[in-house]
Every structure is written in C-alpha cells, then in structure tokens.
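In the two assemblies presented below, chain A is common to both, partnered first by chain B and then by chain C.
So, the complex of A and B:
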C-alpha cells in the first residue's frame, strides 16, 4: 500500500540545513495500520506530509522514495498526483480548527473537494449526508461554518471529509490533540471502526503510546528523525528493546500498573541542525557507553519481524530490568 | 438570520453616527463669527430694526435647539436652505455635483480594489520570485507621487501631446458624434473620465494591492491551504481560496480608502476641471457661501459613513465569523 524506502528529508532553514528525517524505511500493507510515535520534533509530522507528498517548498526529499501502490510519488507529474490525492489517500490533520476553510460552510468544502475530482454538487451533498451519519453527525450541520462547531464535531466532520472518495489510505496526524478525553475516545473509536469495517489502511501519528497501542497493529518509534525501534505493537510495548521506548513507556500512565510512577526522560531531543555523532539518543540514555557516543547504531532486523537501532539490543532483557527503577531516569543526562 | 441581526445593529450605529455628525456640523458653522444677516449684507450697515426684522423672519431669534430641530427637519425633506452666491436652493446646486462626483469616484474605487486584489494575489502567489519583487516596487511608485502631479503628467502626455483624450471637464459642448461608437449614449462622458480615473486608480491601487499581497503570503502558510492541496484542489482553486480569505483585510481597508479617495477627489476635480462636489466645496468656502459649504461637508461625511456601513455589511457577508 504505502512504502517509504530509506527516506531522508532536509529543511532549508535560515541557519542552515536541518535533517528532519534520515533514512526511514516503513511499510504499511493494504488494510494495515502503522503508528508513528515519538516526542514533538522527532519528524513524525514531516513523515506524514512526505507520505502524502505534501512537503512545504522549503523541505526536500534528499534521498529515498515514497511509493503508494507501487507508484513513486516523486516521479509522478503534478496533475496525476493531484488526482491521486483524496481519491486514494486522505489526511486528517492535527487541528481541524485551522485546517477547515474558515469562510466556507462545510457543505461548500465537500462540494469544492468533489468538484476537484469531477463529482457533481448533488452527488457530493448526498455523499456528505451519508458520511455525516457514518461519523454520527447531524447532516444539518453541513450548512454550518467551522467556527460554529465544537472541537469534536469539527474533527468528525474532518474525518467525514477524508472519506469522501473512500480512500484506501488515511494519514491521521495527532487527530485527538486538543480534544477532551471523552471526545478523544469517540474519535479513536470512530477511527478503529473505520479500520475494521471499511478496511482502511491507517498511518497514525501520535505521541500517546496508549492510543497507538489501541489503534495500530504495528508501530515505529521515532527519535531525532530516525526509527529507533519497530515491530508489532503489542510486542514492542510489552518487551521494548530500545532504551528510548523503555523511557517513553515509563512516561505514560499504565492502566495495568497504576502503582507505577510516571517518569519523564530528562533532557531534550538533539538539535537536528547539528546532530550528535553517535546514537542520537545517547546523550539522554541511562545505559549509554562510550561506543554509543561515537558510532551510530544501524537498525537491525530481528527474527520476530522487529527491528531495533541499539548497540546493546542483545542485552535488552537486562536493560528492561534496570529501566524499571525510576531513579535511573532521573540520574541520566 | 444572524446576518440580519448584525446588519440591523450596524445600521443603527450608522444612524447614530449621522445624527452626531449633523450636530457637529451645525455647531461648527454656528462658531463662525457673525450671523447670516451680517454675512449676507456684506459690510454695508443695516439699520438695527431691519436686522431685527430679518432675524425674526429667518427664525434666528429663537433658541438654538429650536433652530437645530427646524434645520434637521428641513434636511430630512431635502431642504438645505438657499445658496447666498447662486440665490437658488442649495439642493439644486449640490445634487447634480454629487452625482458627477459619484460618476468619477465609483470607477476609481472599484477599479482600484479589483486591480489591487487581482495583482496582489498574483504577486503574493509568486512570493520569492524576481517578478514579485519588481511588481511590488512598480506598484508603490505611483503611490508615492501626489495625485495632482500624476494628473498633470497624464494631461500633458495624453491630452496635450497625443490628443487622445480631452483636456478636462465632463462633457464637450456641442459634441457631434461622427462614428457609430461615438453615438453610444455615454461616450462623451466616458472619454472625459479616462484620464482622471487613471490618475485616481494609479494612486489608490497600491494600498489594496500591498495589503492583498501580504495577506495572501500569510494565508499560503495556513493549515487549510495544505489541507486544500491534500484534497487535490487544482492550483486555480487553491489560489481562489487564498484570494477569498486574503481579501478580508482589503475589505476592512477599503472603508478607510473611500475616505481618502474623497479627500483626493478634491484635487482630482480641480486638476481635471471636473464639476463635482469637491470643487464646489472649495469654491463655496472661498465665496463664503455657507449653506452650500455646510451641505457639501455634510454630504461628503454622510457618504463616507454610508459607504462604511456598506463595507461592514459586505464584511459580515464574506466572513461568517464576524456575525456573532
């Protein structure tokens, strides 16, 4: 369905080039679901935009390829790419508030999208009403303007808009950010239903590993624009092999272990304009050895379909034991 | 529904503004030393009894508030008093001049905004290209020049040298059409309009143009533009969307621009000898024709206030967020 091969993306910033993503390889099968997790600024959203071939002019795919159903998006002419957008791949952005056109009614936005792909207004109205029922919104809301709706309604309307042409891939970039927990839950349930009932392939971006664990069968943990660890979600989160994943896990409340305290990872992600020489996580890693600061570990695939980029992946079990101690994370950095 | 409520509220604001304006004008002209009996009769001494008789006749002996109520009542029925200079009702003198002014003003304002928005969008969309930098500078040059200077240059070039257009005025006396297009009903007025409208547009266009350009550059980076691209909208549709959203600040400005245009109008009318209200205003003040001056001031101010109302209504129509 969607394949990213060794993708690197460079932003031309005023202070010099910034390597936002380096050498990321991801694979999302038809009807599959892949979660991208990581802290802010780890390249998640940039990867989402790259997957849709929507990178801003200052960003450049410096290596690798993004393929949708086998077609290299970078080599497609703009006109073909335009017709592919929304019919094959749709996008639910982070903030529905800012992504909906403020001066048009929702109906108008459905109609304009439909018109871009040769669908008549009458057909678009009919489809919009059906989709609104699908996302449990009153079709009468179609004549409202974005500012007249609540955050949850806007996000549902956004999802309905994404389904206009029944795409086979949905890229959702933190679709629940800024919503209250009840509405978050509703949006997540809706996405899960769409995945299981409509067979939509889902690329889901979030910093919340709990939500990713619930929605995605596979996950890739990103740090400083690189994949630290990837594999089946339940395996990765139950037996993390990378210290960063272990740290992330400790940073979220766990409903199965409510007695565990929440511990943050001390320090900040590296500046991507001047990345560290060795492993990007080494400066914050409580297990870092001299080797880690000098040599970049490569992403090594294991036997169970998992991959990890850590020099000490072989000792993962021992590291997991040590990672349980909250004091360890405070001491680092 | 929300829109009509908004419209009604704005209309009420405008009515209050107009009443305040009226009071202000009335007071302002009462502050002029002397009263109409002395002004009208020049320096010649009039017997005290005769002055007194005239005051009674014109109601000047009554309290100011009564005089104001009479004035305002007369105004509502279109009675603006008598001109000292022309010895005719003010309304007969002012009304045709006001129409002439609107004939000149309307195309200046409309063409300035339309051209400004179109060119501003075009430049903003090409942000960072060489053509965008050059275009922005070219648009700003006429903005920096006085409107009367541009008018004189246009006259020197296209009226005196090339003789393409008439030298000034609004109509040619004894104009005899020679070809079919010259027989078109407004041909003579239209050819008189070309140069003054061009001068007005050249000076007024830069502001809406630069505002539209800046707003468009900002809008281009909004999330909804990325989303529009993701939805597969054509480049034309994307640009239309950006233009539509970026237009809102231009609309806000156009209310101010109308005020400025009325100011510049006076110069434009003098340079091009256009028989409009601006020239009438200048003349009536120098002739101390106070009823006419008062009427022109009030009508101009009322026109600006009314146009502001129209702009506000258009804003409410174009930006649903404002109706709240």
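So, the complex of A and C:
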C-alpha cells in the first residue's frame, strides 16, 4: 500500500539545515496498521506529511522515495496528487477543531470537499449521511457547526469527512490527543473497526504507546529522525530490542500497576541541526559504550520481521533484564 | 493536626447564555465539594473536561470567587477577596511551560519576580532565594541557570523553572494543573517525582489536577474523582485505582489504554456513551450508568464511607463493590 524507502528529509531553517528524518524505511501493506511512536521532534509528523506528499515548502526529500501503491509520489504532478489524496489516502489531523472551517456547517464542508473533486451535492449529502452512521454520529448533526460539537464528535466528523471518497489508507496524526479518555476509547474503537471491518490501512502517529498497542499490528519506534526498532507490536513491546524502547516502556505508566514506579530518561534529544556522530540515543542510553558514541548503528533486519538499530542488539535479553530496574535509569538521570 | 487546606461545601455557578432581558441557564461547575489536605500531602483531582476540576483549581488560587461554601488555607479563610497574604500562601503550576513563563525574562527574573511583587527581601536576598528555589527544583547549580532564557531550555527544564517560581514564596498550598500533560513521556516521571518530593519534604500541601489517571499513583496520596461538579469517589490513591467502586471511576480506569498489546481492551458499556442528560434530583451519572436502577433517578447520592478513608457517592455501592 505505502512504502517509504530510505527516506531523508531536510528542513531549511534560518540557522542552517535540519535533518528531521534520516534514512527511514517503512512498509505498510494493504489493510495493515503501522504505528509511528516517538517523542516531540522525532520526525513522526514529518513522515506523515511525507506519506501524503504534503511537506511544507521549507522541507525537501533529500533522499529516498515514497510510494503509494507502487507509484513514486515525487514523480506525480500536483493535480494527480490532489486526487490521490482524497481518493486513495486521507488525513486526519490532531485537531479537528482547526481542520474544520468554523463558519460552515458540516454539510457545507462535505459538499465543498465533494465539489472540489467533481461530486454533486446530492451525492455528497447521501454519502455524508451514510458515513455519519458509520462513525456513529446522528446524520442530523450534519447541519450543525463545528463549535456546537464536543471534541469527540468533531474528531468523528473529521474521520467521516476523510472517508468521503473511500480511500484505502488513512494517515492519522495524534487523532486522540487532547480527548477525554472515554472519548479517546471511542475514537480508537472506531479506527479499529474501520481497519478490521472495512479493510482500511492505517498509518497512525502517536506519542502514546498504550494507544498504539491497542490499535496497530505493527510499530516503528522513532528517535531523532531515525527508526530505532520496528516490527510486530506484540513482539516489540513484549521483547524490546532497543534501549530507547525499553526506556520508553519504563517511562510509560500502566494503570493496572500503580505500585510500579515510572522512570525518566536522562538528558534530551540531540539537536538535529548538528546530529551526533554516533547513535543518536547514545548520550541518553544507560548502556552506551565508546563504540556507540562514534559509530552510527545501522538498522538490521532480523528473521522475525523485526529490525533494530543498536550495536548491542545481540545482548538485548541481558539489557532487558537490566532495564527493568528503575535504579538504572535514575542513576543516569 | 491543623489542615493546610480545608474546603467546605464549595460551590461555583456560572450563568451561561445570558439573554438581554434576563433568563439564561445556570451551570453548577462546582456543586458542593469538601475536602481537607494535611501539610505535606497530595490530593489528586481527576476528571474529564467539564467536570469542574479546573474551576476548583481557580477557586483555590483565588482566580475565581466561590458562590457558596468556604475555602481556608493555613486556617485563614478566603474572605470576600483574596488579600496579599492569601495569594502568597497559594501558588500554581500551569500546564504549558511554553506559555506560562515570559520568554523575555531570564530564569532569575522569572523565579525572583514573586518576591519582588510581594516586596520581600533585598536584591541580594531575592537572588539567593531564587538560586535556592532553582536548586530545589533540581536545576543545579541554580546559579548557572539564573541568566539563561526560556528558549535555551527543554520543556522539562522550563516546567522546573515554573515550579521554582511557585515554591520561592514557600506557599502552604501548591496547585498543579496538568503539569506534565504537555511534556514528553520520557521526562514526565522526573517532574512528578520532584513535585512529590517537594511536598513530602515540607509543610506544603498540593492539589494535583489531571485528566490522566495513569500518572496519579506517582505523585498523589489521595485521589478524588470528579463528575459534573461533585466528587463521586475519594480515597487513598492505590485503593481507588485498584478497587474502584463508583461505576464512573471504573469506566474511567477501563478506558485508559494499556501499553500491552497482548491484553484486549476492556469493552466499555454502550450506555456510557449514549446516555442523556441527568434528571434533576437524581444521580447525575445515572443516565450513563449500567448499574443504575429506578431509585437512581430520584435519589441524589452523597459521599458515604465504602472502606477505610474511602468514600463513594453511589446508593448501590455496597451491592456493586468489587
């Protein structure tokens, strides 16, 4: 469905070039679900925009290719891309509040979007009503304005709008962030149903490993614009091979275990205007050796469809044992 | 023991959609909330948007005045208008460390400003107290941070500056409103632990407002769950998280994503999502509650003991207790 091969993206900033994404390879099969997890500045939103060929003017693809159903997006004219963007893939941003036009009713927004792609109003109305039922919203809500809806209703309306032309891929960037937990669950359930029942492929961007664990069959953990590790979600989260994934897991609270103390990962991500020489995580890694500080580990694929970028991936089992001890992370902090 | 904070039957109503010739609807943002916090203890208040938790924060710091009930800090009641002493005794840490500190102020100016406002100490003393506050907030050595600007700091460091500013006056009560929700996951634990330590090593009490139940255990001693302006459950934090009684608390806990893909998410009852508006005089959660019976629409439940220091506002709490 979607393939990113060795993608690097550079932003032209006033202070010089910023390497936001370096050498990322990701594959999302038809009907598959891939979660991109990482913290602010890890490149996950930039990758989402690259997948849609919607990078801002100051960003450029410095290497690699983004392919949708085999077509290299960089070679397509803008008019063709615009059509692909609604009919083959669609985007759900974090804030439906900002993505919807505040002064138009939802029906008007469906009709305007439809008209831009040559669909008539009557057909748009019919499709909108059907989609609202799909996302469990009363079609009567179509005549309301965005401010009259709760956050969860707006986000579901946004998802319905994204589905207007029946895309096969949904790119969702933190679509549940800022929602209340019960509403968040509803949106997650809806996205899961769209995936399992309607066969929609999902590229899901989140900082929340809990949400990704609930929704995505595959995951890529990003740090400083690189994939640290990737693979089937249950494998990656039950047996993480990269120290960053181990740290992130220990930093993430589990409501079932209030007695477990959560950890901080000392330090902060590197400045991407001057990337470090070695592994980008080495300055914060409790296991880092001299090798890590001067040689970049390459992403090595394993036999089980997993890949990891760590010089000591072979010792992952021993590292996992040590990473369970909060004192290890505290000592570094 | 004298309480650092005591809140008795606090109420705050707002008039919504006021019309030109009278009328309008009254919103009971806080509708009879009572609690006390001992010095050196943390009360977490959790709830969804619109539950009234932020209104409680605003009442505690005097940004809004209660329409009923009483709020006292260090034994001194908040009168008609918060005076300088009251304002000094309650300080707040906000959600957004990028918006809550002045980007043109140095760290030293930001942390020292409350001392200047309250005309405390000489310039040298203010400088020394600001450095000490930074040290306490684990920005060490504090002196090295005094001349830096917010843009040179990470989100976690900025939040520590905001915390240093809040504790520099040695308040009796710290109100932290979602202090880690804008921060990266990898630095949250450090801020939570810092807040927990600052409170437990001092006479200061803290109210910790959050929508995220998964972090309360790291910082709170007690937890209160709020729904439509009321506490519906209140008790020791682990007790409430591990043995929740109120159906709303249970739903909130079940809805939290678990970072374990091998565990299937607990399904939420359909009634939770579809319920209508509460009936006047009944339980406000009844329309969304799968345990509700006919009486729930006629009896407005009050907090009743459901265990040691654990109370629940549900008439069926004995039958449905785990």
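Here is the rule we go by: the second predicted complex is superposed on the first by the 327 of 333 C-alpha atoms of A that agree within 3 Å, B and C clash if a C-alpha of one lies under 4 Å from a C-alpha of the other, contacts with A are read in each partner's own complex, and residues count from 1 in each chain.
Heads up, the rule we're going with is that a residue touches a chain if its C-beta (ideal position, glycine included) is under 8 Å from a C-beta of that chain, and two chains touch if they have at least 3 such contacts.
This one's a predicted model, so the numbers in the text were calculated from it and none came from an experiment.
Shared-chain residue A:112: touches chain B; no touch with chain C. In the superposition on chain A, contact of A:285 is made with neither chain B nor chain C. Of the two partners, chain B and chain C, it is C that touches more residues of chain A.
In the superposition on chain A, A:85 contacts chain B only, with no contact to chain C.
In the superposition on chain A, contact is made by A:259 with chain C only, not with chain B. Touch criterion met: A:98 reaches chain B, while chain C stays clear of it. In the overlay built on the shared chain, the residue A:190 is in contact with neither chain B nor chain C. When the two complexes are overlaid on their common chain A, residue A:268 makes contact with chain C while staying clear of chain B.
Those residues of chain C lying in contact with chain A across their complex are 48-49, 154-156, 184-190, 192-193, 211-218, 237-238, 241-242, 251-253, 255-262, 265, 268, 272-273.
In the complex of the two chains, the chain A residues touching chain B come out as 49, 52, 54, 56, 82-87, 90-91, 93-95, 98-103, 105, 112-113, 115-117, 145, 147-148, 161.
Within the complex formed with chain A, the chain B residues making contact are 221-224, 226-234, 237, 241, 244-245, 248, 318-321. Interface residues of chain A, counted against chain C in their complex, comprise 39-40, 151, 180-186, 188, 207-211, 213-214, 233-234, 237-238, 247-249, 251-256, 258-259, 261-265, 268, 333.
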